[in-house]
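Below are two complexes that have chain A in common, paired first with chain B and then with chain C.
Entry: the complex of A and B
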């Protein structure tokens, strides 16, 4: 067990080096999109952790991302936290919010939880207009500055802002994936799966169901908060418009496309979410379409994909296959 | 006087919430799904009403069109999407949340479709009834002819529903098949078909809400999002499976909102729904008229 753990850490490290190296060979736009993919991977994994492994649903993760983003920016701008600490602070505040929400959530079943988190997603971003410190509709700017000089020097001077975003995003993503992977193999991961599979049996074996659900919600929220802080970083600001209901829905879509109980699938989900607007843009301009079409085509396609996935491959493309060998039953 | 004014504001918004809550409750009772796409369906039917009004220049002609469209859309959703969903994804790890996700997908689909056809700009769907409040002895009350129409419209819908549910065979079948689908099937009720009719009723209620409330605001692909949340909160206050509860929940929420706006401030509108919902779920999770089944078993 120990050996495989250090091996997997090594693999993550290798992937990281590969990706960081890769950033030297792509243009600015791709680097930016790479950073976007990383953020989506974190956010989607947070939903997979919650829905696929703990059996709770959240339509409000966009709001939790907003909490993470705003906390990170506030701590960075006002208290001059260093960047990493600001990200951690964002994740921590989101975790606290998730803990409180999770207390309510643990008492609720599917539709009630969905409705409550939906109300949060609709309501929370507008709070920004109420408190002066949150900057209202324009939001707050977030400038993390250029990459430190020693990194720029090591890689040969030409170190752009987007590449720096990409580096940060990739590092955070890999760290998160590694963390979740280990967490799911730990006692907590087994507990969540047990509760998800058969709550009564889990309770009889001495698992505190409520506590297990609240913990899952807290961890998931922390990850969403981190993703929110990273999103604020690449956007250069936090504003209510960045954390709309659409964002929450997009994340759920990504998780469903990934197969809700398949952590690795989050990469597929994230890629799809980033690639779709790219493709639809090309299609829309090719068709000479108006702004109406190009603005709404990505939403249309992701929604159709979501519906088709839920009907035809509700457990995600990969798990579908594994089901035949009976392996996936434990999940 | 201020208290009475606030109450009147709450009355008309409460009537709209009640209609939306009715739509959600009707679907929940028969299908055990909270239909998040209801906001989308109502928006689509309102856009259809808007188109009819552009052609005929008559609001009163357009409203029935919107209602019929709303009913047809809902019946279509049940007959195509919900049945496919039940057939295919009744087992597996996501079976519990699959309907929720499917209705979300549908909401997204309708939003982008309406955005493609009509654009994301704010459109005006105007009613001939004035939006200016009545004047009583030199005091303008915040209750306009359009508000009166909203309240009357909601009352008519509720009256029709009550009559159908209480006095007709269809109503009996609707009640029976949502209460005990298996036994109803044995008794010769075509449960699937009845369920689709139930969805059509829900769609009609949502369409009435959309067509009546839009003249007081504006029309855009997501202009009814808040109404969806308010309708859900109202339905939860009422117990989620009681029609009378939905109406009461809507009124309570509408009046409650009006007082919050009056005495706390307008900027809390959006978040108030969330906090009210949380409070209700903590204090009385089964609502004021809900059945005794706890939320976990629902």
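Entry: the complex of A and C
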């Protein structure tokens, strides 16, 4: 087990180096999209962890991202936290919110839980208008600046801000994926799967179901908070408009496309979300079609993909049968 | 162990797929351009705009880019700008800063536009500001009244067109001093930055209110909230009410006041944001009886005033080049911004660069012809566009005519700091023949 852990760490490290190296060969647009993919991977993973592994539903992850984003920006702008600490702070505050929400969530299930989290996603962003410190409708600006000089010098040439975003996003994403992967293989991961699979059996085996659910909600919220902070970074601001209901639904869509119980699939989900508008734009341009087509096509394609996924590969394109993970539990 | 291994293999496979996808998509989409400036060839100039074409904010706003495009097509058919045809790349941002940012990246990096024009929404423009600044892309005539965009230090390439809410409040304050001295005035305002900007403006000119009634954005749809407004108005004894809110708030307030029997007892004065009669009419027919006779602040002529030479010309262009669109304020805003953009491009000379374009607006922008009744304030030190308002009375047929009678426009102009409100007659440049700039 120890050997496989260090091997997986090595693999993640290698992928990271490769991606960072790759950033020297892509233009700014792709670097930005790469950063976006990273953020979606983290956000979708947080939903997969919650829904796929602990069996809870959240339609309000956009709100948790908002909490993370606003906390990171406030700590960075007002208390002058260093960037990394600001991101951690964003994740921590979102975790705290998730902990409180999780206490309520542990008592609810199915549509009731979905409704509660949905209400959060609807209501929370409008808080920004109630407190002056949150900057109202136009939000708060967030400029992390350029890459440190020593990094820019080392890699040589033109180190744009988008490339710096890509570096930060990729690093955070890989770290997060490594963390979740290990967490899911730990006692906590096994507990969550047991609770999701059969709560009664899990309780009989001595698992505290409530505590397990709250913990899953807390960890998931921390990840959503981190994604929110990173989103604020690439946008250069936090504003209520950035964390709408649409974002929450987009994330759930991404998670379903990924296969809700398949962590690796989050990369597919994130790629689909970022790449589809790009493809439809190219198609519409080649067809000489209007922007009305390219504006509406992504929604259509995503919906079709969603339906196809649910019909043909309900557990995601990678894992077709959930009972595989069922076997894992019995090990 | 079976699952353990397969999960790892899965993660690895997906990672490889991700890298491959990124690498494939990394092939540059370079376009060869014989001209030295981005977005300008010997025969074309490429401009870009981001607006909500889908989503809740789309109705209405989605007419702006097509109206602008129709105007550009009209100019192109009449020789273009110094021989170059204007291409307008329209991108949907669904009113989300996340999308606004990615489509603006596309416009600047992939479509390689020369300049942005008429980009819509405060947060959306804010999200793209840093990148737009870094790339030195001129961003002309942003479609938002947020006063911040006139800050030339923070947004050196951005040009505001609408007066700020702060300036609007000052102008309304000046108008109240002029025409409503001694009256008991109440204020209903939205308690976010939109309303706070306005409060600061009223304070600056020393407007006194017998009641200040704030409301949270969105709460205007709640009848109990509207009931409280009406109670406050009645108990304060106000005979004049200034409403500085969105159209839905205007509709709710007028509807509520009518039910409470305030018809004929209170004079309503509406801020420009919530004063579009066509919108209010659709939102709440119950508001109609009180809408008739309300006073509204505007800087553009009424969209249904066919006697206005600009409006008449734009209506003609709309019929010919924008088939199917009904002519309203959104179309007027789009075409007006298009006409200003054409003059800016002409002023930038026969071999335009981004720097020349901005220098040209700084130097001669204040003299550009436009439908607006208020003068344009662009100069080297200020990027504020229109700087004043005229006040009109809304008639039963939802048209607006100047309070002093048809054709008698009186302007209340001011600045964005402590300057006084100045009353003047309108001095709008005459429209260039057939609406085709010759500057």
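The definition used in the following text is that the second predicted complex is superposed on the first by the 308 of 331 C-alpha atoms of A that agree within 3 Å, B and C clash if a C-alpha of one lies under 4 Å from a C-alpha of the other, contacts with A are read in each partner's own complex, and residues count from 1 in each chain.
Keep this in mind: a contact is a pair of C-beta atoms (placed from the backbone, for glycine too) under 8 Å apart; a residue touches a chain by one contact, two chains touch by 3 or more.
Computed from a predicted model, the values in this text were never measured in an experiment.
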Exercise for the section: With the two complexes superposed on chain A, say which partner A:253 touches: chain B (first), chain C (second), both, or neither. Expected result: first
Practice task
Applying the touch criterion given at the start, work out whether A:310 contacts chain B, chain C, both or neither, answering first, second, both or neither.
Solution key: first
Practice task
Considering only the touch criterion stated at the top, classify A:242 as touching first (chain B), second (chain C), both, or neither.
Solution key: second
Practice task
Applying the touch criterion given at the start, work out whether A:181 contacts chain B, chain C, both or neither, answering first, second, both or neither.
Solution key: second
Exercise for the section: Applying the touch criterion given at the start, work out whether A:280 contacts chain B, chain C, both or neither, answering first, second, both or neither. Expected result: neither
Handout entry: Which of chain B and chain C A:57 touches, first, second, both or neither
Key = first
Practice task
In the overlay, answer first, second, both or neither for which of chain B and chain C A:126 touches.
Solution key: both
Exercise for the section: Using the touch definition from the top, say if A:296 reaches chain B (first), chain C (second), both or neither. Expected result: both
Problem - First (chain B), second (chain C), both or neither touched by A:116 - result: first
Completion exercise
chain B and chain C footprints on chain A meet at residues 126, 129-130, 246, 291-292, 295-296, 299, 319, 331
Fill in the blank from the handout: In their shared complex, chain A is touched by residues of chain B numbered 28, 32-34, 36, 81, 84-85, 88-89, 92-98, 100-102, 104-109, 111-113, 115-120, 222, 225-226, 228-229, 232-233, 236, 265, 267-274, 277-278, 281-282, 285, 295-298
Handout entry: Residues of chain A touching chain C in the complex
Key = 4, 8, 11, 15, 18-19, 22, 25-30, 32-34, 36-37, 126, 129-130, 132, 135-139, 141, 143, 161, 177, 181, 185, 231, 234-237, 239-242, 244, 246-247, 262-265, 267-268, 271, 275, 277-278, 281, 291-292, 294-296, 299, 318-319, 324-325, 327-328, 331
Completion exercise
chain C residues touching chain A in their complex are 1-4, 6-8, 10-15, 17-19, 21-23, 25-26, 28, 53-55, 89-92, 94-98, 101-102, 105-106, 109-110, 121-124, 126-127, 129-131, 134, 146, 148, 191-194, 196, 216-218
Practice task
State the interface residues of chain A toward chain B in the complex, per the touch definition above.
Solution key: 51-52, 55, 57, 59, 104, 107-112, 114-116, 118-120, 122-127, 129-130, 196, 245-246, 249, 252-253, 256, 260-261, 291-293, 295-300, 302-304, 306-307, 310-312, 314-315, 319, 331
